[in-house]
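The structure under discussion appears below in the form of structure tokens.
Naming follows writing order (A, B, C, D and E), and every chain is counted from residue 1.
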Amino acid sequence: MEQLVKRINGMIHLKAYNRQRDDLFFITVEKSQLELVLSHLKNNEGFTHLAFLQAVDFLEDSKFQLTYMLYNYDIRVNLGVKVLIGRDKAEMTSIHKLWAHAWQYQRELHELFGINFPGSPRVEESFVLEGWEEMPPMRRDFDTKEYSERTFYQRPGRSTNDPKEYMKEKMYKNYAASPRIRRDDE
Amino acid sequence: MNRKHIDEIEKQMKLANEGLPEEERKFFADVIPTRVDPFNKYWEQFLNWARSRSLWMLAFGTGCGATELRPLMTSRFDMARFGIFPRPTPRQASVFVVGGYASIKTIKRIIRSYEQMQGPKYVIALGSCTINGGMYYDSYNTINRLDYYIPVDVYIAGCMPRPEALIAGFNRLKEKIVAGECEGMNEYTDKFDWFKKNQKEIIKDWNMPDYNW
Amino acid sequence: MVSPIYILILSLAAGFLLSIIDRGGRKISLAVFYGVLAFNTALIIDWTYRFVFLHAPTLVINTAGFSAPVSINLELGMIQAFVLVFTNLTGLLAAVFLFRKFMESKVSSLILYLLLVMSVNGLVMTRDLFNMFVFLEILSISTYALTTITRTKTSLSAGFKYMMAGSVASIFFLMGVVFVYHFTGNLNLDFIHADQFAGTGLVALFMLTMAVFIELKPFPANGWALDVYQSVDSGIVSVIAVINSAAIGFVFYRLIPLMPQSFLTVFGAAGVITFFFSNMMGLKQKNAKRLLGYSSIGHMGLLMASIVFTIGAPSTVRYLIIGGFFVNHLVAKAGLFWLSGIVRQENIRGWAVLKNNRLLLVLFGVFIFALSGFPPFAGFWAKWEFVKVLIESRMFFVLGAVLTGSLFELIFLFRWLTITVKEDETQLEKITTPDSGSVFATSVFALLATVVAAGVMKYFYNFGWVQTLPAAAALIVYLLDFLPSKLKGFVSLGAVAAYGYYIYPLLESNLQLFFGVIFIVGSAINIISTLNRKNQNRGFYGFLLMMIFSFGNLLIASTYLEFFLSWEFMTISSFLLILRGQKAQRASLLYMIFSTAGAYLLMTGFSFAPALTSTSALMLSIEFVKLPLISVIVLAIGFMIKAGSVGVHIWLPEAHAEAEADVSSFISAILLKAGVLGLLMVAISCIAHAPSFPVFYWIGWIGVITALVGAFMASFQEDAKRLLAYSSMSQVGYVVAALAMITHLGWVSALYLAFNHMMFKSALFIAIAGVYYRTHTRKMYEMGGLISRMPWSYMTVLISIIAVSGVPPLSGFGAKWLIYTAFITKGWYLQAGVLFFASAVSFLYLYRLIHAIFLGQLKSEHQEIKEAPAWFIIPQYIFLAGIMVLSMFPNLMIRPLNSIAMHYFNSSISIEGLTVVSDLGYWNGNFVMHITMAIFAVPFVVLLLLRGKTQRVKQFNIVYAAERPESPETTHVAYNMYAHYRKALGGWASPRIENFWNGVAEWSHTLGDFFRRVYTGNGQTYILHIIMYIVAIYVVMGVK
Amino acid sequence: MSIWTKVLYAVVSVSVATVYGLTLGGIVRKLYARVHGRFGPPVWQPFLDIIQTYSRRVAVSHGNMFFLGPVLRLAGGLGTYLFIPVIFGSALFSNFSMAGDLLLVMYFVFFGQLGMALGAGQGGHPYSPLGIARGLAQMSAFEVPFSLAVIAVAIQYNSLNITSIVAAQQGGFMHWTLFTNPLAVIAAMISILGMNMHAPFSIVMAPQEIPIGPPIEMNGSFLSILQTNRGLFAAAKLVLFMNLFFGGATNIIEMIVKTFFIYMFSVFVGAAYPRFRPEQSFRFFLKWPAFIGVLSIIYITYLGGAS
Amino acid sequence: MISISMLSLILGIALLITGIFAMLTRKNLIRIVIGFSIADTGTHIIIVSLGYLRGRTAPIIDRAVNAADAVQKVVDPIPSALVLTAIVIGLAVTAVMLSFVVEMYRKNRSLSIDDYQELKW
């Protein structure tokens, strides 16, 4: 892996490199160089499989982090390629030409995060939400509880409890004393 | 009344089907469902007795609660002995078991299937989610109260309810049917506008006729 | 009485004078030129008149005041006059055709032309061998020179090759003449005898005859001729192909008395080989004139063969054959060459421009039909008699080669015709207005062909007017073609009615009457559907009437020839009707090929049959004829081609599908029955005279397999009409199988089914025609849900498919009941099992038909579609009424059929009131109908009472797995509906028979292509061919 | 005997057959349940179901043909039944068999199927034609062994008259076709598996692939008519088989016993096997059963057979 | 001893074969014409040789041969007559051929027969 990183570093500047497990690594690259890196990984390094593409909303940094998770069948290694993009008018280059199935992930991200992928097929079509009109719901500044209360009729009389406390109180009165169950966080 | 007048009234009685593009409206019936009253008392009682002993359940698992229907069908609980059978098409089913949480996408299908069932038809709402949203009470995509969208005859609480609870629910339904209390189909037609308003409020992508015959 | 020597004298004189006269202007010289030609023609016509009508004796003219052998003498008899009439007429008309050329070219071409015509006259008349050589050389030289009337590179090089070949031939001729003189001491044909050539003398004769034979372009020593045909101006080529060949052919004819049998056999064989191979090579040819060249060569070969092989025949027959082939070739070939001059298109695809000019198109059609030997043209009679002669003299190889060669010729000629009619001409340049002379010449020849045809029919065969009625009807309606279509339709309806009225008393037996009802009444009802046609609709009703009348004539034909003549008329007219379909090029060609192959088989079969002794209709008299085994087999195959039996059914789906919508019903419902009729006739003969081999047992199997294969194929079609076509094939398979039983019940069931099939298939085809008229598509998956828009058509299809499938209570069940009972009684158990399978499979395609078109999802573009026009609906409901009556009272049909079959067999069923009782079971159609109505009514009423509040919904209100359908197209299940069955059948579902015929076609084309590689285009190679050919013939003849 | 007496008898006969057929259906459900280790619905469940479906207050119709489909289906069932003499020698149960013979019955079977196919076709649902296509194709396949067996029987008794076929089998069980022409019976019994559409040949209604196939759009009273027909039609088929191959019946008890056992055969096979794919099913019938049918004909024609 | 008629016959045949051989093998059009000419001449010689009778004179009736005994004195006149005609005809054919060659050369500037093969099959 280290050689791989070196090789990539020879091409471009890697912003970060992180080894999580023996078979799971992450690298972070510049937005502009992503396509280069991915095509290199696919064509030359054997990472032929795009397992998924997902996004994380770093509201505080005003950034989205996209993770392209690749897999190499020969050496059985997962490699996550991370890229940070701006949160306002988020836009990313489409990689559906590298992996044809990527359009589906991109469509999902477009719907749920509002990240635009120009050129990606059918990216504008709704994916799971039919006729969604609000802010993309997976953005962290979207208040889902408020939306739910506003939109769906609440049945009166519903009370909410913290399950941990509630269950301890209601069902497992002698929880702490119980010898059978031990929990690490206590 | 002259012919023109009748035409006018008939036109008003038609559904607008505004959710559909103009060229698709000709494919769907635009008739407003009307109330169909029961027969006279004794005959209807006999029929209700037969109906309650031959409940044809729509085999459409709408949520995670549908998992519990499988043990109900198989030999451990064997719902067939109560005269309950799964039926693969809503046209022939009489009981609709809504299996738990219903996302907006699902509620659309639930409404469609419910409307396609031929009355008298009954709805059993399964699990807390159908009652008040359950653990998804704050989800942006899951309804909280099923009875705002279709009439519900029996609720079975729990997350999820065990097959025993389901059997209890079915028995309750039977009692209600025999008692002649399950007039969901007429409730739906009577309060048609209210149901439709609620449905259209949440379903933005209303890509179907106003009533799915 | 002007002596024919003046032809020579005048021509020569005019030839010399022309160069002087021409100084005074081309008009004068042309006047002299045409005057001489016209004088020649008139003179010879005058002489012909004398010979034919005044029975003048043969004229012998001695020149220079001495009698032969000292001087040269000329002879003009009936035969010479006959040849000369046509050659001179052709010469004259070719000159007319070349008028514009002659205006522009030098005067020398006029002179040369005169010399050419003169030499032909001389060649035909002279009795002196050396004189013959001189005329031959004059002919050659003038021809060589005339080839350059247009000086293109190709015509020059072709002319040069021609000269090279011609000079070699002339050297041989000269040597031959000298050697003949050496051995016989004489040069006059009147004084030379065959026995003078014993031993070494044969070499002399060989050289002489071989030189003539080479000039007749035998395969493969004929490359030069093809090049000439291809490149030289059409007018001149017509002269070369027709006049030159005729004259030289006549020389050959006159040399025949000198030749020993070994020569004759070899020359005849060479002629047949030439005919066969040149036609085979023509298959691959795309160039129109070269194609005609191949055809010309082939015809010369055929002429040679006919001259040689008919020596033993009675002289009238012989003259009919030779003369028929000669005139046919002459007229048609000249006409076609002239047309090629008018059209000016090299590739046969370019001939599509003819469509812009109706007259020329008709002329083209006439010549093509004449050339391929269709009635009423002379070639037909010649071929018919020739086949008879060949069979009488047991020359089966020759017969095979001649018929196969004819078939090859027919293929390329009709490919040409169909392409001309069907190819898109908009891309091509229009024909520049042809000058009237050329059109006139061509038209005269077409007329001549017709006149000769009429003459043969009138004077040789003495046919009544009924036999010519089909052709006459086509002609008359063609002349009335300016009338609007509807009027013509009504007139046709009236004509058919009148014809039916006329023919009714001529139908002596119930069997004839039965087929008369199918043919005439069925056609008449079908005509109603054609009344929907708009505009003038040119040609249609002529062909239609021709077809219907020839159907009727089949019934009253009293000789083999009359029957065959009507049969061929039927083929022609149905071909032309099919050809009218929009994309019917391939379909009509296939139909023509298979029909003609069948017709040749019939011709062979009839020729094998013994002479008729009775004068009543053939259908009746055949009962007393013992057909030999070969005849039975050949006739059966011929008729089964028309009935679309498996193996030879390829034409059937194509023709049905591609013909115009309202024509298909005629083809399916009525035309196929003609095949059944023929088969029935063969079977009638076989009742009393069972052939030694169980032919009909195997025909029964073929019929059964046809039923099964047809049903399966129908199930896998996407095209509604194709589906119905295969369905027809399947149903007629039942009929054939039932006929083949040759039992009473078998025939009753066959005829019952035939009649039923006529009704329901007409109704179905007309209904589909109506649907097609509205939807403009035949693809079933492009339709759907039309029940709401076209309920009347739907009702027709519904009733008809119930009748087809044999579900009680409709009349179809009667057929099924009769057939199975008949099969089990006969002891054909496995066949019955296969038939049952076929009948179960038929549900597949029937359901597919009605579902894909009428049920399921209505397409967006058909939402506002209207019901089919009333003209389509009326005949449908007439047929439906027939079906319903027959279903209610099946005995109306079974009783007469019982009596028909009882004429031949003992009855095996008894009719007790309304019940039919067989040895095995019983059936009361009337009672079944009543019960069915009752048991239909009971649930119907129950449902009406108990249905609750029933809401009528629309097409998308379906449970679609809780979704909604996207579009009617994706929701309608119709495409490849029985994919799983196809999968289950595996390799059995592949079109083996079609592949087989494709292979045959490909192989014959490839062989043709292979053989034509001998024509390398090099003149020296051609000479080599000639020399090698001469050597080869020498070896084969065994001349010592 | 006047026609009205016949009609009266026919009504009785049909009622008995329907009740019997429906009860058989209930028994089968019970039996399947026991095989699965369940308790199962009561035997009279089919009657409850019919009442329930008849009592639907609303129904949806796709058009006239959709309306006529179930009617034609039931008419087909009625006709098939009514043209069979059910009990040998009984005027009450001879039905209208004087109208036609075995061939009429065999072809009347198609009447209802065609009608149903047409009605379902107008429903416009894609599963209907899919199911019908499967059904028709399978029908054409299983008709092969069946028709061969019937032909063998016709040869054997030299008749297509059902009454005389039954008559020829009287006088002890060794006269049954089952023993005199076992091959034909084997072929026919295999084809009855397809005819009854139990597994492994339940491809038409295949609930998991094309949810119940043709009648998917049928609802309310339409469906109940179909269900009525199911009972009647099952009875008709069984009676036909009994008459052809198992000596017929001289009284109603005999009929019930015999047909019950014939039915149980296909039920047991159905309970034991999974489902074929369509093409497997067609191919199956076109192979060995058809071959056995051919053998039966050869046996009866050339090797003498019984008579 | 070989008779003169035999000799001329052999010569004629040789010429004939030579001519035809030339027609078959030479590529030049003019040579082909020449070949034809040679072959034609050969034919003429053959004809003459066939008609030749030893010790007789030419069939011309003049002072040397009077009409009365011409039958004994002259050779068979018919072959001679034939030859005369044949020579004329051969000349004509040759002339036509040559004119063709001229025209062909004028059109295509080629005298090779291989250049005139576009028509085939």
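One rule holds in what follows: a residue touches a chain if its C-beta (ideal position, glycine included) is under 8 Å from a C-beta of that chain, and two chains touch if they have at least 3 such contacts.
Worth saying up front: this structure is predicted, and the values here are computed from it rather than measured.
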item	value
Chain B and chain A - chains in contact with each	none
Contact-graph distance - origin chain A, target chain E	3
Chains contacting each of chain C and chain E, listed by label	none
Taking each chain's C-alpha mean as its centre, the one farthest from chain C	A
Chain closest to the middle, measuring from C-alpha centroids that were averaged per chain	C
From chain D, the most remote chain by mean C-alpha position	E
Two chains sharing the most contacts, counting C-beta pairs only	C-D
Whole-Å gap separating chain B and chain D, where each centre is the average of the chain's CA atoms	36
Separation of chain D from chain E, taking each centre as the mean of its C-alpha atoms, in whole Å	98
Intercentroid distance (Cα basis), chain D paired with chain C, Å	53
Whole-Å gap separating chain B and chain E, where each centre is the average of the chain's CA atoms	113
Multi-partner residues of chain D (at least 2 other chains)	56-60, 216-217, 220
Chain A residues counted as touching two or more neighbouring chains	none
Touching two or more other chains - residues of chain C	948-949, 951-953, 955-957, 959
Chain pairs in mutual contact under the definition given at the outset	A-B, B-C, B-D, C-D, C-E
Touching residues (chain side chain A, partner chain B) in the complex	126, 128-134, 137, 142, 144-145, 147-149, 151-155, 158, 160
Touching residues on chain D, where the partner in the complex is chain C	54, 56-63, 65, 67-68, 70-72, 74-75, 78-79, 82-83, 96, 98-104, 107-108, 110-111, 113-114, 117-118, 121-126, 128-130, 132-134, 136-137, 139-141, 143-144, 147-148, 151-152, 154-155, 158-161, 216-217, 220-222, 224-225, 277-283, 286, 293-294, 297, 301
Chain C partner contacts - residues on chain B that touch it in the complex	23-24, 26-29, 31, 34, 36, 60, 89-91, 109-110, 112-113, 116, 207-209, 212-213
Residues of chain B defined as touching chain D within the complex	36, 38, 47, 50-51, 53-54, 56, 74-75, 78, 80-81, 83, 85, 88-89, 91-92, 94, 116, 118-120, 185, 213
Of chain E, residues touching chain C in the complex	16, 20, 23-25, 29, 32, 36, 39-40, 43, 46-47, 50-51, 78-79, 82, 85-86, 89, 92-93, 96-97, 100-101, 103-104, 107-108, 113-114, 116-121
